[in-house]
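Here it is: the structure, laid out below.
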C-alpha cells in the first residue's frame, strides 16, 4: 500500500463488490453444477457438498491467517511469506483501505480466489474420495500451497519482485490447481472400472448451467483484478470474453475434425480452457492477442486431455490438469509474448525484453509447479496414512451420495 | 386367456394402440425397456472418452386377451409395428391361468 | 430525506443497481429453485409458479401503495404507518433522490425485499395450498403485515425512533417470514401422509443451484442495505460471507455428530440459516462477530428444525420457521451484543448500553411476532372461509402441477 | 464521440461492466436453459450448444468488423452503414472512451446484444436444424442484418437521424429476432409430426431457471443502455421490472380465463413478453406507463401465440415471433405514446408531436421488418441449397443430441 | 409355482406389500409402468398446445408363490389394492416351470 | 420355447450379457426394476426426516430361448450373476406358446 492513501472511490468499490459476487458465483453454484453434472448420478451430491464445504472451510481459514500470510508484510521473510499482523483482521481498522477500495473488500475479493482454487482441484478426486479427506485437504492445501504462492506473486514476494506478470491467477490459480490435481489423481488412484466402464456425465444441462455461470463470473475474476472500474478493467473483460470465445471454437473445431461431431461438453470445455488461459494475460494483452491465446488454449488443451486419458490412462476424473494446468502454463508463457506493445499489449516494464519476461514467466511456472507438486504429494500421503483418502469399494459402487451423505440426488 | 407381450419400437406405440382398439382391445400395460439384439446401438463421446451403448430403447406392451382373439391381436400388432427394418421386435404369447379385476373381483374373460 | 440533498453518486448508484439485481436473483430463480427442488416431483412447478406470481403481484402493489405506506411520511400517524403522497409514485419527480441515489432505484431496491418475504413464507404451504389462495395471501400479507413493519423499522416508525438495529431485515424479513410460516402451517394443516410417507426432495441439484444463488444474492441484500458503495458495504459483505460459512459448517458438524453423515441439504440449510441470522447484524458487527453469529445460527436452527418436526410434528413443509424465524430472532438479539465496539462492532449510538440495545432488539422481535402472528392468522382464516386454502385430496395426491397448472415438470 | 471527452466515470464504468455481465448471463446460461428445457429430452443439448457456439462466432465477428460497421462513422455512407476504421479494434487506443466509459467496454457491452439476438432466433429452428447451418446463419445474419439495423438506430444512421426512440432494442433486437424467426421457420418447415404428436417441454424447471436469469439480466440490458449509473438507469430498471410483472400477470390471467388453469410456462412467457415489449420504452416511460405496456404485451402476445399455432399452424418451435416479434412491434409503437410527459414519460424532442413520433416508430418497425425479412429469406435459401438446413428424418427422430453431437443430455 | 402379476395404483404399493408380508410373502419385484384402460388420463397445455396423455401411471408387481398360496395371495392383493374406483387394476396368474435362486442354486419352492 | 426371466444385481448386467452371447443367445430385453426381498435397502435423511427405502434397484432380464437351451442358459446366468451375497436374485422359467418376429413374420424358433 502506498504511503499516502488515495480517497475511497465509490465506483471502484462498486465494481469490486460486484466482482466479489461474480467470483463467488463461479464456485457456488457455477463450478459445483459444472462438476456435479459431469459425474454419475450416484455421486452428484458429493461434488456439490464438497464445493460448499470447501468454501466454508477456506473462508474461515482465510479470515484467521490466510489473508494475513498472503497479503501482509512478512518483514525479513517477506520474499517468501507474509506476516501475521492481520490475523483475524484484528490489525485492520473498519475504515482501512487498499488502494481506492475498503480493505475489508479487498480481503473478501481475494478470499473468493482462495476458495475456488481447491474447489477446482477436487474435480480430479471425484467419485471415490472420502469427504473428511476433502475437508482436510482443502484446509492444509490452502495454507501450505495457495497462500505462499499467492504471496510470492501478488503479496510482494520474490516472484513479484522479479516482475512476473500474472494478472488474475494463471500461476496462482490455474497452474497451481492443475498440478495439484495431477499429483492428487496419481496418489489417489483411478476410479474402479476406469477406463473400461461407462462413466458418462449424468446431466450435461447441469454442466452447461455451471459453464455459463463460469463465463459470466470470470468477468469479475479478471475484470475485478484491475482493482478499479477503469479502462484496464474494461479491456480485461474484453480480452477475457475473446479468450473464452476463441477457446470454445477451437475445441469445437478440433473435436469436429477428430471425431466428426462437435459436442456441447467439448465447446464448454474449450471455453473453460480459453478462460483459464487468458487469466494471467487478461490485463496485459489486446483483444487480438486474447483471440490468439484462446485459439492456442482450445487446441492444446484438447490434445492434452486426449493424451492424459488415452495414452497415460491417468484418471484425473474431471480433466482438471489438462484444462486448467495446461491452460495456466500456456497462458502464463504467452502473457510474456502478447503483452508486447507491438502486439497490442500494454508493454513491459522498463528495461525488460520479451525474452527476459518470458524467462521470468517460465520461472514462475516452474517454481509454482515444484512447490505445489511436492507439498500436494506430502499432504495426500499424510492424509492417506492417517484418515485414508478413499472410500471402500462397496461405498464407491453404492455411490458417495448415499454412502457418505445419506441422500440421493433425485427421487421419484 | 393369453398374454400377448410385444417388444416394439417406441415411436410405434400410438399406432399399435390404435390398431388394437380397432379390434376392441383397449386395455394394455406398457413398459419402457432396453433391448439387445441384431439392431446395433450407438456411440457416445465425452471429452474423448468413448462409450459404446449397445442397447436400444424399446417399448414392451402386455395385452391379456381372450384366446380366440390372439391371432387377430398378433396380426394387428405386426401390421402396426412393422417398419421392415432390423429392430422391429418380437411378440411372445404365453398362457394365463386366471385374471382378476381388482375393482370388482370379476374373473377371467369378464375381467378383461 | 435530509433537507439538502447530496449530489448523486454514480458509484453508489452502480452498486445499488447491482444489489437490486442480486436480490431479484435470490427470488428468481434462486429461491424458486431452492424450494422447487425440495418438493416431490409432482409439485415442483407449483413452487416455481408461486415465486414468479408472488413477485408480479407484490411488484404492482408496491408501486401502487406499498412503497408510499412504508417509506413516505405518514404525518401524525408516522410512528405506525407512512402516507399516500407517493402512491403510484405520482408524487415522485423523475430526478428525485434518496440520499445519494435516485429514488426510483431506492424504491426498486426495497421492492425486491417486499417480494422475497412472502415468497419465503409459502415454503411452509408447499404441496397442498390452492394457487389462488397464494396470490391473495401474498397481496394481503404484504400490505397488512410487511408494509407496516417495514415502516416501523426502516420508514421512521416507532421502532426506528427507539433505535432498533436491523441492518437488512432480521425483523422485517426473517422474523416476519418465520412467524407467518408457522402460523400459516398451523392454520393450513399438514400434507396428507405427513410425516409417515416419504416426501424426499425430488432434485437436490436444483436446490443446490438455488442455494448458491441465495449466497451470491445475499451480498446485495446485506451489502446493498448500506445504500452506498463504501466501507460499510464492504464490511457487510465480509460479515455476510462469514455468517454463511460458519452457519454451513456448524450445521454440517451438528448433523455429522447426530446422524453420522453430513448431508448436502444440511450444509446449504446451515448456510441459509447463517445468512438469515447475520442479516440484521451485517452492517454493525466485525468479521469475528459474524463468525460467532453464524456458528450459533447453524447449531440452533438445526435443533429448532429437529424439534419442530420430531417433537411438535408441525408440517412447516420447507422448514421456514425454524430456519428463517429462529435465525431472525437469534440474529436480531445478537446484533445487540456483537455491535459492541469492544467486540469489533461499529458501536452503539450515544447513551445506549448493550443492555438497553438488547431490550430494544427484543421489543422489536416481540412486536413483529405479535402483529405478524395475529394478522397472518386473520388472513388465513378469511381466505379459508372464502375461497379455501387447500386443494382437494384428489388434487393433492395427483400433484399440484397437473391439478392446478395443467403441466408436468419433466416429460420423456 | 463528442469533440471533447468527459472524464472517465468509475461509477458509470462499474455499472456498464456489471450490465455486460448481466446481458451475457441472459444468453449463457439464461436463454440456453430457457430454450433447452422447452425441447424434447433428445434435443436439449442441441439448443445449449447452439447458444454457446453462436456467442463464440458472433464475438469474433464483432471484434473483426461488426462493431466497426455498426458504431464507427461510415462517412458518406453513414446513414446506412458504419465504416471500417475500427475493424479488429485496431483504430482504438487502449484508453479510448465512449462518453464517460472506456470504449473497450462500450464495444463489449454492445457485443452481448449482438450475440443474444441470433440466439433468440434459433429457438424457431429447434429440434430439426443442422448445426453447421446454425453457425453459418448466425455469422451471416449478424453481419447482414443485425449490424446495419443497429447502425441505423444506434450508430447514427438514418433512423437515428429521424429521431426514432429505441432505448434498448425493441427494433434492433426484438422486432429483428421475431421477423427472422418467422421467416426462418417458414423456410425451414415444421418438425416431423407437428402439431399432432406431443412435443411437451422435457424440463420446465430448467426453463424456469433460465427465465429467472432473463429477468435479472434484463436489468443490465435496459438499465445498462443508459450508459451511465444515474436516474435514467434507475428509472429504466424500475420500468423494466414493472413491464415484466405486468406481462407475467396478464398472460396468467389470459390463460386462466381461456383454459381454466394458469401455467408456470405461461407466467414466464408473459414475463418475457413484458420484458421484450418494455425494452424500447424502458428509458422513456414512467412506471405506470411500463405497467400499461406490460399488460398489453402479456395479453396480445398470448393471443399471437395461439393464433400462430392454432390458426396458421406455423412451427415457430419456441414461439419466438409471437413473443419477441409481436412484443417488439407493440413496444416500439407504445414507446411513441407513453414517452409523453403527460403520461409520466420523459417527453419528446422539441417540435415532435406524439403523432409524429408514432410515425417514426412505425417507419422504424417497417424498415427493420422489410430488410430483416428479405435478407433472412435470402440467407436461409442460400444455406439450404448449399449445405442444407435440416438434418435427415432418421437424425430428427433419433434426436439432435446423439445425431449431431454424439452425446445424451442425461445418463443413468 | 405360480407367478402372480398385479397392476395396481402406485400409491397402493405400500399397502399391498404389507398385506403380502402378513401372509409370509416378502419377496417381490416391482416395475413402474404405464397403463391404458377404462380409466382416462389427463390433458396438458403448453402455450396453448394441448396434449392428451391417455396413459395412467401404474405399478406392476410380480410375485412368485407356491401354488397353494395363490388364492390367499390374490385375496390379500385385492383387499389391499382396492379403492372401488376405475383403474384399480388387474391380477394375472401364470404358471412357472422352475425357479432358481442365483445365490445358492436352490430351486423351486425352496428358492422362493 | 421358454422364457427365462432373471432378476439380477444391476452391475452384473454386462457379465450376464457376455455369458449369454457366448452360448449364442444375443437377444434379450432388459427392464430396470425395484426388488424387495431378504436384502435390505438403505436409509435417507433430509433435515432430520428419516426415510427407510426398503427396495433395492434390480435389473430384470427376459430371454426367450429354444427349450433345449434352457439349462445351459440358466447355468451361464447363474455363473455370471452370482456374488454369493444376499440379493443375487432369482431366475423364473415359464413356457411360451408362440414367438413372432415382427419384421419378418417368422415364428417360433426361427423368430429367436
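Things worth noting here:
Per-chain numbering from 1; labels A, B, C, D, E and F assigned in written order.
Convention: contacts are C-beta pairs under 8 Å (C-beta built on N, C-alpha and C of every residue); 3 or more make two chains touch, one makes a residue touch a chain.
What you are looking at is a predicted structure, and each value in this text was computed from that prediction instead of being measured.
Of all chains in the assembly, those touching subunit C and also subunit D are A, E. Looking at which of B-E and D-E shares more C-beta pairs in contact, the answer is the pair B-E.
Subunit A and subunit F have centres, each the mean of its CA atoms, that are 46 Å apart.
Separation between the centroids of subunit A and subunit C, computed from CA atoms only, is 33 Å.
Averaged C-alpha coordinates put the centre of subunit B at 53 Å from the centre of subunit C.
Touching of two or more other chains is recorded for residues 31, 44-46, 94-95 of subunit B. Residue positions of subunit C touching 2 or more other chains, listed in rising order: 9-12, 14-15, 18, 198, 200-201, 203, 209, 229, 259, 261, 263, 265, 406-408. Applying the touch definition to all chain combinations yields A-B, A-C, A-D, A-F, B-D, B-E, B-F, C-D, C-E, C-F, D-E, E-F.
Looking at the complex, you find that subunit B touches subunit D at residues 11, 14, 42-46. Only residues 8-15, 17-18, 20-21, 24-25, 27-30, 32-33, 36-37, 44-46, 48-49, 52-53, 55-57, 59-60, 63, 88-89, 94-95, 97, 101-105, 107-108, 111, 131, 203, 206, 209, 229, 401, 404-412 of subunit C touch subunit D when the two sit together in their complex. Across the complex, subunit F meets subunit C through its residues 44-49, 51, 53. Of all the residues in subunit C, the ones that touch subunit E in their complex are 197, 397, 402, 406-408.
If you check the complex, the residues on subunit D that touch subunit C are 9-12, 14-15, 18, 22, 40-42, 198, 200-205, 208-213, 215-216, 219-220, 223, 228-231, 233-235, 237-238, 241-242, 244-246, 248-249, 252, 259-265, 267-268, 271, 286-288, 291, 346.
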